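In the two assemblies presented below, subunit A is common to both, partnered first by subunit B and then by subunit C.
Up next is the complex of A and B:
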């Protein structure tokens, strides 16, 4: 049993579908990557797991998802998306930007998506915590750093006053911030970008969560700082045995950090494998394309990159065939003939042409 | 913080100097000088000249301005042309009433406006939001004198719940300390007087609060809507904090920045704008004094009034700026 099992997660904002049946799992002490370009649904997936999406109408009155149609090759947890289920196109009044979340996110035996808001609040920040992308805008500009840390300690660990301050200083020290007592009294604008991200990490690990979700934690930082932050994250995960869900578009980060990878495209997992396996033998053309878009040192300098042409579609259209087909070099008639299923157990992919590709 | 304060104070004195110049020039430019007001219509030219000389109006303009400036610095605004009493005294007698009324109105506007604005933002798109926003629109549309008169007719004359006029029941025996009746009643232990003063304040304060209330509701709504979308509010939510903590520490503390500015501006305009409300309720503040001064072309009185209001504005702006320093560390800390 994994620590977190996301099963057939669907998120829609009114008529537009952001996540269309994503399933993956995170085992205790493992680092799992969620990879894809902007708009593929990776951030929305993480926010849905954390219960941080603005609530829409459909969330409480969730219809039971139809049992997944049995797949010939079912990769255990990587259950393929359920039979095409019309996602209600009604934007819904009152929905107003609210998200309609369906599916399950089972954390330690409890489905987080069906928890009452108050019960979810007791877990957030304690059992599962999140590090956000932009460290400046993610810290409150008018509250001292110290208070932003102690408020979590107060809420989930019952620490108050001096005890809380002392613990906060220890946390800052642990994430590598020198002179922590002075920093506690400072405000976010007085810290550098890397420092701020360290503060955010300190806040996230303050209550020793069992699952840490990091949403592009290094995107807004300088390269040298990126390495430090990744090192820090890996260190925390290793010493505490925390599971880490790493959301990124950076395959370098994936190679250096993750045990397992899920590649997302257009709201669905298109390939999922242990990290070595994925880099050794990428199977889905999208994954191959991602790898081809990175400059490589071992190739001649003037060797052109092979970008993926076009850009991700606004509308998710998996039901009529592969959503990647319009951008795929290997597109053939089976690709646009019905939904491709996720096949394979350890190394799963969603490409009907995979055999030909290989 | 000290350097910041000193800097603001210097800027303010420059602003006041500019204002005095403007005011002086404006009064010089007005037609029908004060000598026409003081003398009967059939006065001879010699009589006019004599009076102009007596009032110093024949001196060069810059001498007049120097004289004007040196007098206002000493708070000597001259004597009222109608009553003959020193204007400083007249103003000092009447200011407390206006200050008390304005503060009471602001208390209502802030106390009601911020929660309502927050609620409207939180329930955006619902009938609560719709009701609050249209209510505040109504508040800005109804002329104050009409609202004041309606309140008076309904709650004072018809229902008899509250007194119709004045600041205290006639014949009340009270000790004067600051001139703010409620405050005086409280500090001297004359609680019956304080309560009586409160009852006299309610209707005029409600009437006067209608516009600032409406403005504060709308600013709060907009400001809260801005802030709840910020990343740090999501971070607070990700910490699993209680909604009350998120509201107070993370949403409102940031949303207060624009609200504080607008409160300052509104307070200044309340001092100047209490005229109508005061006259409906015969409240005896600065309003009736200004009204009289305007109709009787009592220039020194008007000048004194404008200067006092200007100083109020400037001081309130200073307070707003300083409160910014308290509310927003980014303003306070200069490294």
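Up next is the complex of A and C:
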């Protein structure tokens, strides 16, 4: 049993479906990547797991019946396949502006999505924590760094006063911030982007969480600072055995960090595999397209790129066929004839043409 | 607009068939853009009633480079290194504190008022944020004809014809003329930004982070487009970006900037194959590669700390505070800008 098992997660905002049946799992001491471009649902997935989405009026809690499709989940991921159809017209259930969340996110035996808000609050920040993309807007601008760290320590570990500040300084030291006692008194605007991201990580790891979710943790940073932060995250996973769910659009970051990768497109996993497997033998045309779109430092110069045509606006609903079909070069009639299933165990893909492609 | 045909120093780089001039007379042709020792300092002012200048942010502190007609120069560096300010100063969108910029033999830095305004038709810019740089209340027709109107080119019908041609060149259909920026996706907006820069058929286009706001699959489309347009219109690019792989892909020659100065410059092949400056080495080793095998076996140079303040740069070599190889001399003497190998310039005391 994995530490976190997300099963058939569906999130809809009114009529628009952001996450359309996503399943994956994260083991202790492993780094699992959710990869995709803007609008693929990767951030919404992480927010749903953390219980940070604004609730719609009709809360899901009472009918996860059809969501929890009973399937063997031993291999981890890729169970969503058999879910009969795309989200049932959710009309009315997700209140205006709220999210309608269905499915399960089982963390250490407990379905996080069914927890009451107070119970979730006790876990959030303690058992599972999150690092966001933009450190400036995730820190309170009018509260000193120190206070923002001790707040977590007080709430979850009962530390107060000097003890708490001492622990906070240790944490800052742990994430590589020099002169931690001075920094504790400073405000977020006095720190550089890289430092702020370190502070966020310090807050996230303050209670030694078992699962850390990092949502584009280095996207706002320069490459040399990105390298520092990735090194720090890698170190956390290795020394503390923290499970890390890494959300990113950067396949380079994925290659360097992750053990398992799930590629998302239009709210669904289109391919999932161990990292080496995925890069050695990308199977879904979207994954292949992504890899062909990146200029690489280790390939001959001026090698032409092979971009994916169109944009994510060119989409069809999963229940009618493959959402990627309008942009796919290998599209054939089976692609638009009903829902493609996720096939394969270790290396799974959602492409009906995969055999012909390979 | 007025002098270029008679200027003997400018061999026909304004024609739409640049191959004749740039390919045949490669050695003889002077570079299209020459920048000498350009400096842009921003004053730091203090005081409420009486403002005093208490120092300067040396955003660009003596950068010189040249770009051949039809070539692409890539300028890379991290945020705060002065690359964007440099690009803007070349176009005189920022007033240079010192230094000279020559475009096709004309001294841009000496131009003033109306002459400068007219000269801008030869040099255009593509911005990073395509939505922020397009007026939300103008439709595509207005957006694209605006530069022509400003420079008094053509009649209304001619302007429209040119707009349609340019849209076609950037891969957008004629039908978008009546639509507004918000109706487009990020990639299409960037195509519009490029189309607008092309409308006056300039010689030089400064592309400031042309793809960094776009998704990976769209980045590749726009990069390929920039390549095609360069051939089609005989453009010369100055590409400013933080992404080394993007710069490598687009450029013939690459310069690496750190804290307002160039630290290394070479053709794109050799700078990536044999980086000589420690900063370039560190940058290259920090770029994650989309290949787990490569990533696992890589030796990373992790730089310590952040960029020092450009208001008060370190003495001697500016990179010494973060350099893993720094020695005493680096704090005392500023390294000279020297040619370490043919066409490969570097500002470092050592041969690394």
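One rule holds for everything that comes next: the second predicted complex is superposed on the first by the 325 of 358 C-alpha atoms of A that agree within 3 Å, B and C clash if a C-alpha of one lies under 4 Å from a C-alpha of the other, contacts with A are read in each partner's own complex, and residues count from 1 in each chain.
FYI, a residue touches a chain if its C-beta (ideal position, glycine included) is under 8 Å from a C-beta of that chain, and two chains touch if they have at least 3 such contacts.
These figures come from a predicted structure and were not determined experimentally.
Aligning the shared subunit A places subunit B and subunit C next to each other free of steric conflict. In the superposed model, A:16 lies in contact with neither subunit B nor subunit C. Look at A:132: by the touch rule set out above, it reaches subunit B but stays clear of subunit C.
In the superposed model, A:37 lies in contact with subunit C only, and not with subunit B. Computed from Cα centres after superposition, the angle at subunit A between subunit B and subunit C reads 80 degrees (steps of 10).
Of the two partner chains placed by superposition, only subunit B is touched by A:121; subunit C is not. Of the two partner chains, subunit B is the only one that A:189 touches; subunit C does not reach it.
Number of subunit A residues touched is higher for C, counting subunit B against subunit C.
Look at A:222: by the touch rule set out above, it reaches subunit C but stays clear of subunit B.
Remark: least CA distance from subunit B to subunit C after fitting both complexes onto chain A is 6 Å. In the superposition on chain A, none of the residues of subunit A is touched both by subunit B in one structure and by subunit C in the other. Of all the residues in subunit B, the ones that touch subunit A in their complex are 124-126, 230-232, 234-242, 245, 249-250, 253-254, 327-330, 333, 335. Touching subunit C in their complex are the following residues of subunit A: 37-38, 192, 194-195, 222-228, 230-231, 249-256, 275-276, 279, 289-298, 301-302, 304-309, 311-313. Per the touch definition, subunit A reaches subunit B in the complex via residues 50, 52, 93-94, 96, 120-126, 129-130, 132, 134, 137-144, 147, 151-152, 155-156, 187, 189-190, 200, 203. Across the complex, subunit C meets subunit A through its residues 78-79, 185-188, 215-221, 223-224, 242, 244-246, 248-249, 268-269, 272, 282-295, 298, 300, 302-303, 306-307.
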